Each structure stands twice: as C-alpha cells, then as structure tokens.
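Below, subunit A partners subunit B and then partners subunit C, in two separate complexes.
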Partner chain A sequence: MSGQLAKFATNRAFWRGVIAVAVFLVLWEIGARSKQWMTPEFFAPFKALLGAMGFKKDYLPWIGAVPAPSAVLKAWIAVLGQAGYWQSWYMSFFRVMGGFFAAMLIGIPFGLALAVSRVAHGIGFPTFEVLRPIPPLAWVPASIIFWPTQELAITFITFLGAFYTIVINVLGGARSIDVRYFQAAQSMGSSRWDIFRRIILPGTLPSIMVGSAVGMGITWEVVVAAEMISGGGSQQAGTGGGLGFFIWNSYVGGSYEQIVVGMISIGIAGFASSELLRWAGRYATPWLRVR
Partner chain B sequence: MSAVLNPRPKIVPGEIVAEGVSKSYGAPQFRKEVVQNCSFTIERAKLTVMVGPSGCGKSTLIRLLAGFEQPSAGRIVLDGAPLAEPSRDRLVVFQETALFPWMTTWDNILYGPRARGELSRETREFGEFLLAKVGLQDFRDKYPGQLSGGMQRRAELARAMINNPKVMILDEPFRGLDAMTKELMWEYYSRLYEENRRTNFFVTTDIDEAVFLADRMLVMSNIPTQVRAVIDVDLPRPRKLVDLVESDRANDIKKQALSILHAEAMRSFSRGSKAAADFVDAYLKRASRA
Partner chain C sequence: MAATLPVVAEDDAIAVLREATPFGEASPVVLSRIAALARPARYAAGERIYTAGDAADDIFIVASGRADHVFEPEVGAREPLKRVTRGGVFGWAGLLLGQTRRLATVTAVEPTEVLRIDTEALVALLESQPQEGGQVMARFAAMIRREFAVPELLAQVRRLSGPLTEEMSSLSLTMYRLSLWLKSPRPYLMLIGFALFLGIWYLAVEVWKLPRFREMPGLTTVVKEWFSPSPTYGLSLYTEEYYKHIVVSVWRVTQAFFLATVLGVTFGLLLGWSQRFREYVFPVFEMLRPIPILAWVPLAIVMFIATESAVIYLAFLASFYATALNTMLGVQSIDESYIRAASCLGASQKQVFRHVILPGALPFIFTGLQISIGVSWFSLVAAEMVSGQYGLGYVINTSYVMVRYPTIIIGMATLGLVGYTTSALVRLAGDYLMEWRVRELALAER
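Moving on, here comes the complex of A and B:
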C-alpha cells in the first residue's frame, strides 16, 4: 500500500490532476468573491441591450452568483453531521443499485437471447426498438401512476436508464464474436450449451462491462432527475428524498451552498460506482488486462 | 524437464475423397459458382498441400471439408463415409489464430476433451506432452494475447492434436508471420508431421512453403476452383531448408508448379481479377529470385 502511495507521489499524471483541481478551485474562489464581473458604469451603454436579453440585475452572469468553494466546504461540514444528508446518499444509492442490478439481471439474458435466437430476436427486438428512443424521464408520470409506491416508480426509471444500454451492448458484443471461434468449438465437439457457456458468454463479457459502465452513468443522471420531479418519494421533505431531492430542497429553501454540496456529492457517488464497476470489470476479464 | 512417458493415443490416419464437388453462393439468378466439379484425394498418412492464388476458393473448400458448409453438388467422403457435421475427425487450424482469447494456453489446449466431457488423467497427461512438444510449458497460464504469433500457431496445433483427429486441415496457418518465424514454423511443423504421420491437408498461397512441406501438391486453378495438376514431391525427409535451396529436384518441382500457376494467373488476369493481379506481382518477384 505504501508502495502504491509512493508511486502516486512520483506520478506526473497524478500531480497534473491535483494541480488542475487546485487551480480550478482557486479560480472559482476568486470568481465567487469578486461578486462583479465589470463595474456597472462599464456596461451602462449596453444596458438596454442586456435588458432586452433578460439580464435584470446590474451584473452579467458570473461565478459571483455561485457560492464560493470555501462557503461550500463550510456548508458541507455542517451537513456531514446531519442524518438527512446521509439518508439522501443512502436513498439515491439504493435506487441506483436497485435499478442497475435489475437492468443487468434482465438486460443481460435478454440481450443474449436476442443474439442467439432468431425467434427471440423476431419477437423481442421490434418492441425493444420502439421503446428504446423514449427517454427514461418521459416515463416518470406513467411510472408514478403505474407503480404502487414512489420508491418503485423511481427505481423503475433508473432501471430503464441502464437497461437499454446494457441490452444493446450485449447484443452487439455477442454478434461480433469471430465466427471461427464457433467453428473451432463446434468441430471440437461442443454442444450448443457448451458454446453458449464457453464462447458466447466470455466473448460478450467485455461488452457487458462497457454497457454496464455507460449504464451506470445514465442511472445517476436519471435518478437525480426522477427524484426532483417526483418530490423525492418521501412524505417529509428533506429527510431522505435522495441526493436529487436534496438539491431541489436546498434550492427551494434558498441554501445555495447546499445545492453545490449536493452536486459534488453526486459527482463523487457516480465516480465511486463507476470505479467499482471498472474494478469488477478488470477482475472479470483478466485476458484484457494483459494486452 | 522430467521424462514424460509417451501418453499419445494411437493415430488413425484417415483418407478424404472429394468427387465432383461444386459450391455456389447467392440467389439463383445471381448464382456464383466458386467451386466447380472439383475432385481430389487427400491420401492417408500423407501431407497434401493445396497451393493456388489467393481468392481462388480454397477457403470455401476448407469449409466444405470441415463440414461448416455443405456442397451444392458432388460428395466428400472420409474413409468411405460421407461427411456431415463438423467433427473432431477433421480439425481445422485457422488462418491467423482462432485461439479463444479468454482462455489460457492450457485451457485452450484442453478445450476439446473438456467440451466432450473426456477430461481424464490420460488426456491431461497428453496435454502436458503436447504442451512440451510445442515448447510452451512456460506459457501455460498466459492468454493468447500474451503470446507471439509463432507461439499462437504452435498452441493452436497442440489444441488440434489433443483431439487426435484423423485428418488435420490447416488453412494458411502461418500467414501473417514474419519470414524468419515462418521458416522456423515450416521446419517445426514438418518435424511434427514426420513424427506422427497423420493425414494432413495444408492450404497455402506460398509456393516455397508448399514445396518444403508437401508429399503431394495439388495445384489449383482460379475461380471456379479445380485441381489443375497433382505433383508428387518426392524429396527425402526429414527436410531442411538449406538442403532444399540447393536441391535441383526441389527447384524443378517449384518451376513446374509455378508454370501452371502462372498460366492460371494470366488467364484470370486477362479477366481483370484483383486477386490474380496480386498473384502475378508476387509471382514475378518469386521468378526473379528462383
């Protein structure tokens, strides 16, 4: 472990990343503190024009309107001790994982079935293709009507976010397996089940991992929006509506620092889940690691 | 390395006879006959090399021999029985490599017995024997992506041999290797053949490869694929590349085959085939060297 840390300390790419983040934070801090982009006198001549564009205040859009990182950090430390914040994390994670694993559980076998069976493809694919272009968020109202609880409705939306991507990747991956692998396996005496288990499944695994990683990203995008639209699925506001609702609630409550806290929390959550998946993917496909 | 007992199962070489085989593709009105009334024999316990210009339908013939496709007309028999399904009796070693990328060398080699549920102490021992034979003991737990081109071909030979086929079918197996590795593979492969005298059918576009390896050489015409000539390559075994360069007999055989191939290529060339044009280029380079 210490060896790994030492590697980090001498890694140029690592320091480049650290410096980039630091510079970004410093610029943001300066920008937020400046409060003003230019003096009102400077752009007075353009006032009529700017007014026509909808700028009512006496400054142009500028990060001064956004809370400074120092203020965000303060707000963050404050919410760290609140159960509601962690409850939001928990709820969003729960929904993302629920939808995501349901999508894997249904999407992988469905995609494989489409790939290996002409009959399954004929029955399943047209319907799938008609439903696929519908954005998950367009499902929110119908989903709330259909599912008995809001919790299920939101989880269903996140499921949709990952499902299509996973199916398309599995289907494409299975289809692009070299025909010679099948021929070789067949002539060495493989049964159909054997070909499925030893050729199609491992041959599709890299595409499954790619589809999952993309799908995971979409679930985070979708869960947050679904939470905002549906009111977080919780009866008492602010006590566990998920991170999306946390942001919405902060906005309604006028706590702008908390909005940013919520946003960064989602960034961290998404990054952590993708990293987890990448790690699982590397573990599941050792032959790709060695290239 | 420790003394390996010889766990080799008995080799039963087979003989394949193709009689009037045709294969066409496409809808009836656009039907293109790739193989037309093609007859030949892959003799028992001999190494038969089929040589012909690229794109002459040799790969189609291989698919027919392996049973991946059925002929439109004519029949192919192995030891008197018509071919049907793909089977371990006639194993194909593919162009480039068809090792399963997600399996280690060892698992690739054991694939056949494992798939058929025949994994026993004996097959494992035979696997070890073959692994040593192809010199990949140190690479048993590596994935194909970690092997060099030459190693991949050797692993693939082992993967085929463990199934003890009656006939081994090799579809330009050394294509894509660099010249040096390729020549090493020729010597290596012919030694392997000389040891076990299994029936081998080897397809190539490379005339030098054909002369070096073959007991019998089938010289092919361009599409539609037919056998133009059968040449007995009566060079003594074991063969060495250096001996062959100086052998008049080898050069005679090569010239004989080249003149047939040349006539064939010119014929296609006048018809404007891209494959034939490539071949004429290659031929001219060869002829100037010979």
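Moving on, here comes the complex of A and C:
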C-alpha cells in the first residue's frame, strides 16, 4: 500500500492532474465571484460590452451564475447533518437498484434467447429495434399513467434505461464468439445445453459485465430526470424524494449551492456504482485479466 | 485434346445448366438459348483442361466427372484448390473486369464431360436480356467470391454494355437480394413480432380492458388520432403544429450535434495527440463526466438566461463527452509504427497528422458520432420536458399535464422515428466517408 502511495507521489501525470484540478477550482471560484469583483468603476466598459452582447451586465456570462466552490462546500457540510439529504440518497439508490436488477433479470435471458434461437431473434429483435430509439425519458408520462404508484413508475423508467444497453451487449457478446468453438464442441458430441453452459455463457460474460456497468451509468442519468419530471415520487413534506428531487427542490427554493451539491452527489453515486460493477466484472472474468 | 461428343441432347444441357449457380434462376427461354451456345467436350482422367496464363476464351460447366481447379498463388484465394463436380462452373476469368488470361490450372481427375460456352457469345446473349443478364452476372460474382473463395476486389465481373444502365444492374441486384430476403423466414418472423406487440397492446387495452392497461391510450385511438384531419386533441399528421414541434427539436439537435462535433473532435484529437495536454486536462474532464447530463438541467437554466440556449447546452454536453472520448481513443488506437514509418519517410508533423492520425481515428470518431447523436436526443427530450417551448419532449409532457393521452404516444412514436432517421443519416455519412474501411471489413468477411 505504501509502495503504491510512493509511486503516486513520484508520478508526473498524477501531479499534473492535481495541478489541473486545483487550477480548475480556482478559476471556478474566481468566475463565480465575478459579481463581487466586477463592482469597481474600472469594469464599466466591459459591463457595457456584456450588456451589448445580450448577457447580464453584473457578472461574467454563464460561470458568473454558478455558485462558487467554497459556497458549495459550505452548503454541503450544512446538508450532511440533515436526515433529508441522506434520505434522498437512499431513495435514489433504492430506485436505481430496483430498475437495474429488473433489467438484469429480464435483459440477460432475453438477450441470450435472441442470441441462441433464430426464431426468437426473428420475432423479438425487430420490435426491440423499433422501440429502442424512443428515449427512456419520453416514457415518463406513459409510465406514470400506467403504474399504480410513482415509485413503480420511476423504477420502470430506470429499468428501461439499463435494459436496452444490457440486451444489446449480451447479443453482441454472444455473436462475437468464434464459430470454431461451437464446431469443436459439436464434433466432440456436446449437447445443446453443454454448448450453452460451457461456451455461450462464459463467452458472453465479459460483455454482460460491460453492459451492466454502462447500464448502471445510464440508470443514474435516468433516475435523476425521472425524479425531476415526476416531482419526486412519494416525498414526505418536501424531503426524501431522491437526489433528482433534491436538485429540483433546491432550484425551486432558490438555493443554488444545493443544486451543485446534488449534482456532485449523483456524480459520486453513479461513478461508485459503475466502478463497483467493473470491479465485480474483473473478479467474475479472471481469464481476461492482463498480467 | 478434347474429343467432341457425338450429340448431347439439348434437354440434358439445360438440366446441367440449371444445376450451375449462375444460371439456377434463369428463365427457361434464356436457359435454352444459353444451351444452344454450349458445346459438349470430354476429357480423360489426368488430362489438363487449361493452364494458368492461357487466353480465357470459354466457360466450362461440368456435366459429369471431377476436375481439380488450382489457383495461381497471386490470386489470393483463401482455398487455392477447389474440386469441381457436376453443376460446377470454371473458366470464368473472361467475365472479370480487365482479365483476359486464365487465373488457374484445371486438370480432370476422372473422365469428365463438360459443356463449353464461348464467353463473348454468352456476354452478347446476356446483354440482349438486360434484366436477367444482370442477374446472371450478379450471381457469377457471388459464386466466384463464395464458392471459389476469391477476394471481392478481384471478383468484380464485367459490366454489361448495351441497354443495361448502371442503375438497372444495381436495381436488379437489389431485387435479387430482396427476393432472397423474402425467401428466408426473417420477414415473416418480423411480422409475427410486430403483430404480437401491436396485438397485445390492442387486446389488453381495448378488448380485455385489463386493470392497469385500461387507462392507457389504445392502439386504434392513437392511430385514428394520428391520421385524423381534425384531431380531438389538436395534434396529428394534418396539423401544422405537429411539424413545427418536429422542426424545433431537429433544429436544436442539429445545432448541439454540430457544435459538439466541431469542439469534441478538436478536443479529442488534442487529448490523443499531446501527452502534456492530456495529463493536464483529462483529470478535470473525467471529474466532470460522471455528473449525469440531466442533473445539469436546473443549473443550465440558471446559467443561461434564454431557455433555448439551456436546452441546446444540455444536448450539446452529452454529445461532446461521447465525441471527445471516442476521438481520443481513436488516436490512441493508431499503431505507433505507422507514425514512425511516416516520420522515417520524411513526413512533417502536419503530414503525419493529416495522413495518419486523422484517417486512423476516423472509425472511432464515427462510432463516437453515432453514440453522440443518440445521447443528444436522449438529453434533449429531458431538457424539453423540464423547460422550454415547443419540441417533441414538450409535446409529451404537456399532453400529460393536459390529459391528452393519445398525443403522448404520438409524440413518443414520432420521437422514435425522427431519432432513428438521424442516426441512420450519421451512419450513412460514416460509411460514405470510410469506404476503404467498409471494403476492408467485407474482405475480412466480417
């Protein structure tokens, strides 16, 4: 462990990354505080120019409207002690997991069926391809009408987000298996089940894992928007409607620092879950590890 | 030398021709005219029929016996030796573009009877029947590639002159493919799939009225509404409003996609090309990327005064990540030795960039662009649903709020159609720009 740390400490790329992130934060801080430092008379012509270009006069365009990182950090620390914030984490996490596991449970067998049987592929794939270009979020209203609770509706949307990716990856993985494996197995007298169990399943496992990791990322994307559009689901007195609702609520309430807190929280949650899946994938497919 | 057979009945000749791949689908009239050109010949076991390098005059169709067909190495067939039996066709070199010499040596393995047809006479006959002639030539090309494992580049048959224009030959090829497709079970299974999907929708909502399905708009309601000149809920194929929404959404995606392509490709090329730039910038890029695009919605509304720019910004951001990342991967995927080779041959930095880096990264860039247009629609819809005026996402959301349920489905279906069309356009553009790669993949039979 300490060896790894030492390696980091002497790595040029690592220090360049640190510098880059630091510079980024400082620039953000300066840009966000433009409303304060642009008050002197010195900036008057610049302000006039901004106004002439159609921007707001008082601060730098775009970045000036974003809360500063220091303010975000303060808001984050304040929010860490609130039960509602953690409740949001829990709610979003719950929905993501529900949708994601449903997508795995239905998507993997569906993908394998399409890959194994020509008839299933002929019947199922065209319909699947017709539905796929419709973005999951376009389903939100229809889903709210259909499902009895908002909770189920949001989970269904997250399910859709992951489902397409997982099926496409499973199918692609099964298609890319070398035909000679099947021929070899058949000529040595394997049954259909053996071929499925010994060739198709391990052959598609890497793409199943990749598809899951990508699908997990999409799930987090979708859950946020679904929560925003549907108004947060079963929220109790404005708290605990999930992280997407947390962001939307902060926007409506005018506390812009909390918007950024929510964005970063979702970023962390999505990144952590995808990384966890990638790690599990490496663990499940040890033969792909590069030595 | 070949001993001429006394008589071979014309019917026999037609039967042999029908077993040969190129003539299998020809009409009886054309077959009998081809049979009239055929001259029977017989070879003893071990007798050489022709040698590579001879003038390519006749085409041979085997009636009985066997012959070994051995390519010269430079032809590059994957299996240089092929044994030809009844119905097999060889001696087709004369039909190829720019080929007048034999490509292979053929020896009879057993006593072998063949039909010989003069190539020029056959071509003249095919030219007089443009429709069928084109088909026979197309099947010749397919046979040379498949049965003789000859690379596609060489298997280009001569183009028939005369009344046959290029469009007609490609049309007949399309028709031939279409007829093959119609003979396979695929279109019928596809129809079953669609029928199942639409049937379940129709039955569950409108006939059986299942508990949850009852509230959904039914299939017939949606279709009636969509095609109605005076729609109940104000949106159908006949209303101007419908096209306005489509145009607004497409215009937004176009702007976002164009901006993301220009900036994303430039940024990605820089990331891949310069290690210093990558080490400084990539960490920040990777730090921002996990934040879902849709979590940006409220902040984008705050940042941009006009909601229009906020919506475009969101669609842009999604595309930008995909394009930049894939471009970078594309540059990194280029084999180092290409760059070294170019430098050794005296290429300047600029030339290396123009002739190695750019074409090398192009396949990845286009993969990125295809993902990019998809995610662009994905986030555009969300952005339009939350804020903004007009656009298909806006249609879907307001229809929900105003309880115009059939319009929701119309919006979704339109979105699917338009989204699919734009992705198909990007894919077509990619195939067009990278013809060399498509050909390479086809040669590798992938």
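Basically, the second predicted complex is superposed on the first by the 245 of 291 C-alpha atoms of A that agree within 3 Å, B and C clash if a C-alpha of one lies under 4 Å from a C-alpha of the other, contacts with A are read in each partner's own complex, and residues count from 1 in each chain.
Following the convention adopted for this analysis, a contact is a pair of C-beta atoms (placed from the backbone, for glycine too) under 8 Å apart; a residue touches a chain by one contact, two chains touch by 3 or more.
What you see is a predicted model, and the numbers here were worked out from it, not measured in a lab.
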{"item": "Superposition on subunit A - do subunit B and subunit C clash or fit", "value": "clash"}
{"item": "Partner chain in contact with A:Leu160 - subunit B first, subunit C second, else both or neither", "value": "neither"}
{"item": "Which of subunit B and subunit C A:Pro135 touches, first, second, both or neither", "value": "second"}
{"item": "First (subunit B), second (subunit C), both or neither touched by A:Ala65", "value": "second"}
{"item": "Contacts of A:Ala185 with subunit B and subunit C, given as first, second, both or neither", "value": "first"}
{"item": "Subunit B versus subunit C as contact partner of A:Ile200, first or second or both or neither", "value": "neither"}
{"item": "Contacts of A:Thr127 with subunit B and subunit C, given as first, second, both or neither", "value": "second"}
{"item": "Superposed model, subunit A: greater residue contact from subunit B or subunit C", "value": "C"}
{"item": "Touching partner for A:Ile145 - first (subunit B), second (subunit C), both, neither", "value": "second"}
{"item": "Identified clashing stretch of subunit C versus subunit B [6-14, 78-86, 276-284 or 420-428]", "value": "78-86"}
{"item": "Contacting residues of subunit A [partner subunit C, same complex]", "value": "12-13, 16-17, 19-21, 24, 55-56, 62-63, 65-66, 118-119, 121-127, 130-131, 133-142, 144-148, 217, 220-222, 224-225, 228-229, 243-244, 247-248, 250-251, 256, 259-260, 262-264, 266-268, 270-271, 274"}
{"item": "Subunit B-touching residues of subunit A, taken from the complex the two chains share", "value": "178, 180-181, 183-191, 194, 198-199, 202-203, 205, 285-288, 290-291"}
{"item": "Touch list for subunit C against partner subunit A, complex", "value": "185-186, 188-190, 192-194, 196-197, 212-213, 215-216, 276, 279-284, 287, 290-299, 301-305, 374, 377-378, 381-382, 385-386, 392-393, 396-397, 399-400, 405, 408-409, 411-413, 415-417, 419-420, 423"}
{"item": "In the complex with subunit A, residue positions of subunit B that touch it", "value": "66-68, 86-88, 90-92, 94, 98, 100-103, 111-112, 115-116, 142-146, 159, 163"}
